[in-house]
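Two complexes, one shared chain (chain A), two partners (chain B, chain C).
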Partner chain A sequence: MHARLRCSAVRGLSSAVKASRIYRPVASQLPCAPIVSVSTRQYASAAAPSQLTVPKDYVPPTQPPTARPADVRKAQLLRSYTSLLRSTPLMLVFQHNNLTATEWAAIRRELRIALAEVPAGSDGVDISPAIGLQVIRTRIFDIALKIVEFFDPSKVEPTLATTLTGKRVKTVYNHDLSEAAYKAVKEATKDGLAEAKPSAYTELAPLLVGPLAVLTFPTVSPAHLAAALKVLAPSPPAFPAPPRKKYPGYYDPVAQNGLQKLLLVGGRVEGKVFDIDGMHWVGSIEGGLDSLRAQLVYMLQSAGLGLTSTLEGAGKSLWLTMESRRSVLEEAEKGPQEAEKTES
Partner chain B sequence: MICRTCLRRAAPQRLLFQNAPPRTATFTTSIVLRNAAAAPPAGDAAAAPKITPVIDASAPPAEPKAALSTCEPGTVLKGLNYFKNKTDPVALPDEAYPAWLWECLEVKKKTEAVDANAGDEFSKSRKQRRLAAKRKMQQEAKLLASGNLEALVPKVPLPKQSINLPDGSDGGVEGAIFAADKREELRKALRKERKAKIKESNYLKTM
Partner chain C sequence: MITRFITDVTTRFNPFSPRAKAARLFLTRLPPGARASGMNIATQLLPRTSTEPSSLHIKFKDGKEMKIDCETMNIKNIVEEVDRHSRALQKADDMAS
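Here is the complex of A and B:
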């Protein structure tokens, strides 16, 4: 009897759930949802009960319908990774191979010490506490990158949704876990379509293999990048490892073992993908973005000066030629008269 | 000839007598005050003329002063002395104590209020269930009174939400740091949920 029940009823239920596909979180499904049932209690001022209950198909604003179940860990990681990709202009990608917890702790400690010594930028915000090394789930990160690259939230059509008062209004569900995002990514990556067209995804996708960790910066700061590179992937002429005397913890066997297993594979700066040499170039920019801007301004100014002097030059040389010619002619006119005067 | 050690010994005492009222105001001079039973009346005599004009000038400040301390300045606090050869300390005027002293008990009340919010409707603890029920009743009463429907929106816990996390697209560096903080918050919430789940399954395994 028990087995029969399991076969028929449960299977039937699961198929019914699968058929709907979209997981609509209805308020009544949540045990903690404060659904007010007025009818059970007696109040002095009795209001209409219908006004104080949530409509059956009401969708909470923080839990819009999703293409896949939203309460699983993968979905939450996906939310977190899309936010990470959008809010991180500078990111280093590392491959980590069997690092132990103590090795991670040693590496993070040395990184924190090195970053704390970098002076704050021109805007006065100290970003070093916000720079962190974080292990990621590669496949989920790959999907997050696809969503960031191929899904345009502004092109989603509005759908009808019920408000608290029971009215049907047009609402746009264009979040990253939405059906629209899911479909857009499926469409873009169908039959190797994504690989055919060059994009930031096709550049970064080859790096997203194996166990990965990312070092995220809240802003493009070459000084902080250089400090991080010196600790995590030192390359002697430009980015030497920290000196042994000043940083004995860096030469601790635990930290050194961990660093040997950590491999820099590339980076992403302002949506563009750089390899190791590219990251070295970004790290070697003296004075950061401000100095680059100053260089550009200087270059534009000097070009302007050159142009004006060139344009002026033609007029000036003409004037000089005419002037010299005039003086020659005047001398020639004066010359014979003076000669006659001296003779007579 | 004047002895140097005598001079040194005399110097702090002289200072003490000249600046008696301000010295009593600092919290570190408690040992000096505990020493002498005869000193406090002198200190009160010095402090009293300074306080009285303030009271005369405006009536309202007199009221909170009366409310602060239960014992009047000059009361001998019996049994509070714990030094071997010293007498019991004497209560000072309210102004002589730091301001935080009068508020240090309120901090505890605040933390208790935060705990009251954590009442769970389905908790094993009866006290927690009762707290949750009480809060719910209050909420309903408030809703009925105001007619505001916004409070009806179910509070979805962070690991069950599906909206986008902040992406820091408009805030620059601050926006990016804010987004990172939110991600960290989610990570912590996920971890907390996971730990609770493990705890629950371990408990159920023992049954």
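Here is the complex of A and C:
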């Protein structure tokens, strides 16, 4: 009875999911151990332990695998978003209002062309192929942002788990889909958004409304950001649209229609949230972070120079005064002696 | 939502304000070819520090202007309000043709 029930469950599944190549071996392997033991009335202890081990591709009948492809599975999507949020220091958030597929293609094409023309940074690595504009699922992105902000995987306590051999071992479950992550997020946002401690999430949360797309950069590169802003959200005079003669594709009606429906609402730079003006400011940093660092070094050096010269100045002037006084005194001492000499 | 009879949509909002939600969602309700079919859509984003309430102005083909209060109305109410007038226009249009 038991075995038959399982069989029907498995058969029902395979017909529903239509992925017979996964389930057939499972269906053939699964009931064999219980059937043999029941029909011949063997005791469990008599059976060899190797027969009782769960096969690697075992699929529990009560928790069937999803029929969705892996890349659109919500759990997988959430993990990809958390990984994206952890790895991208510079992110622009756009609202897209009913763009068609051809318009998206045109916008991505123009963006790719504009980014390819930006010279590589001082380290010689061209990041432009890694910059991508992707449409996100807003609610899942919101949850991923919460996990990234409020959950610290290094602080999860290990729990006891039973292995297949019955041993109790300490294991840390600190992945983004773990219970610990869920509890941390719930705890941080239990009193509503207004009561949650101020963080990038509480600032960014009002933006996460409606259909969104994010443009992500692997490093903070103001030059690439400026190029992207010129294409996606031009605002003369600082960020003029690409010239018509050089980039006729940008003035294609399809691309222009798409750009009109794309709305830059904000961005995040190294954990800080900026509005459009803030993004323009970041994009207008000449020469990138290296030049900022050089400016800082120059400022510190010149300040040091000024300080040492100031500190030195007092000593120097004292020394000069004393020296001049000494020479005066020496001359005064010499004076009478010389007079005596001339007399004698 | 019936968008055939809308000629102008003007919105102003600060995206960092939670009250801007309705105005932003209204923009997403407009069809992909809205601009191509002659609708003027103007969106102005306010800076983050702005406390100006988000606003939505809609003009219809018959000249009626609607000034919608996005602070208190949610997207459902806005769509209802816009459709109420659009349906009347549609009815008149159907009778004429």
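Here, the second predicted complex is superposed on the first by the 237 of 344 C-alpha atoms of A that agree within 3 Å, B and C clash if a C-alpha of one lies under 4 Å from a C-alpha of the other, contacts with A are read in each partner's own complex, and residues count from 1 in each chain.
Just so we're on the same page, a contact is a pair of C-beta atoms (placed from the backbone, for glycine too) under 8 Å apart; a residue touches a chain by one contact, two chains touch by 3 or more.
Since the model is a prediction, treat every value here as computed from it, not as a measurement.
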| item | value |
| --- | --- |
| First (chain B), second (chain C), both or neither touched by A:76 | first |
| Partner chain in contact with A:277 - chain B first, chain C second, else both or neither | second |
| Touched partner set for A:160, first chain B, second chain C, both or neither | neither |
| Partner chain in contact with A:101 - chain B first, chain C second, else both or neither | neither |
| Chain B versus chain C as contact partner of A:87, first or second or both or neither | first |
| Partner chain(s) touched by A:60 [first = chain B, second = chain C, both, neither] | first |
| Partner chain(s) touched by A:332 [first = chain B, second = chain C, both, neither] | neither |
| Which of chain B and chain C A:314 touches, first, second, both or neither | neither |
| Winner by number of chain A residues touched, once chain B and chain C are compared | B |
| List of chain B residues in touch with chain A within their complex | 121-122, 136, 139-141, 143-145, 147, 149-157, 159-169, 172-177, 179-180, 182-183, 186-187, 190 |
| Interface residues, chain A side, partner chain B - complex | 25, 27, 30-36, 38, 41, 43, 45, 47, 51-54, 60-66, 70-71, 73, 75-76, 79-80, 82-84, 86-89, 123, 125, 127, 130, 132, 164-165, 175-177, 216, 218-219 |
| Touching residues (chain side chain A, partner chain C) in the complex | 95, 97-100, 103, 203, 206-207, 209-211, 257, 260-261, 263-266, 275-278 |
| Chain A-touching residues of chain C, taken from the complex the two chains share | 15-18, 20-21, 24-25, 27-28, 30-32, 35-36, 41, 43, 45, 47-48 |
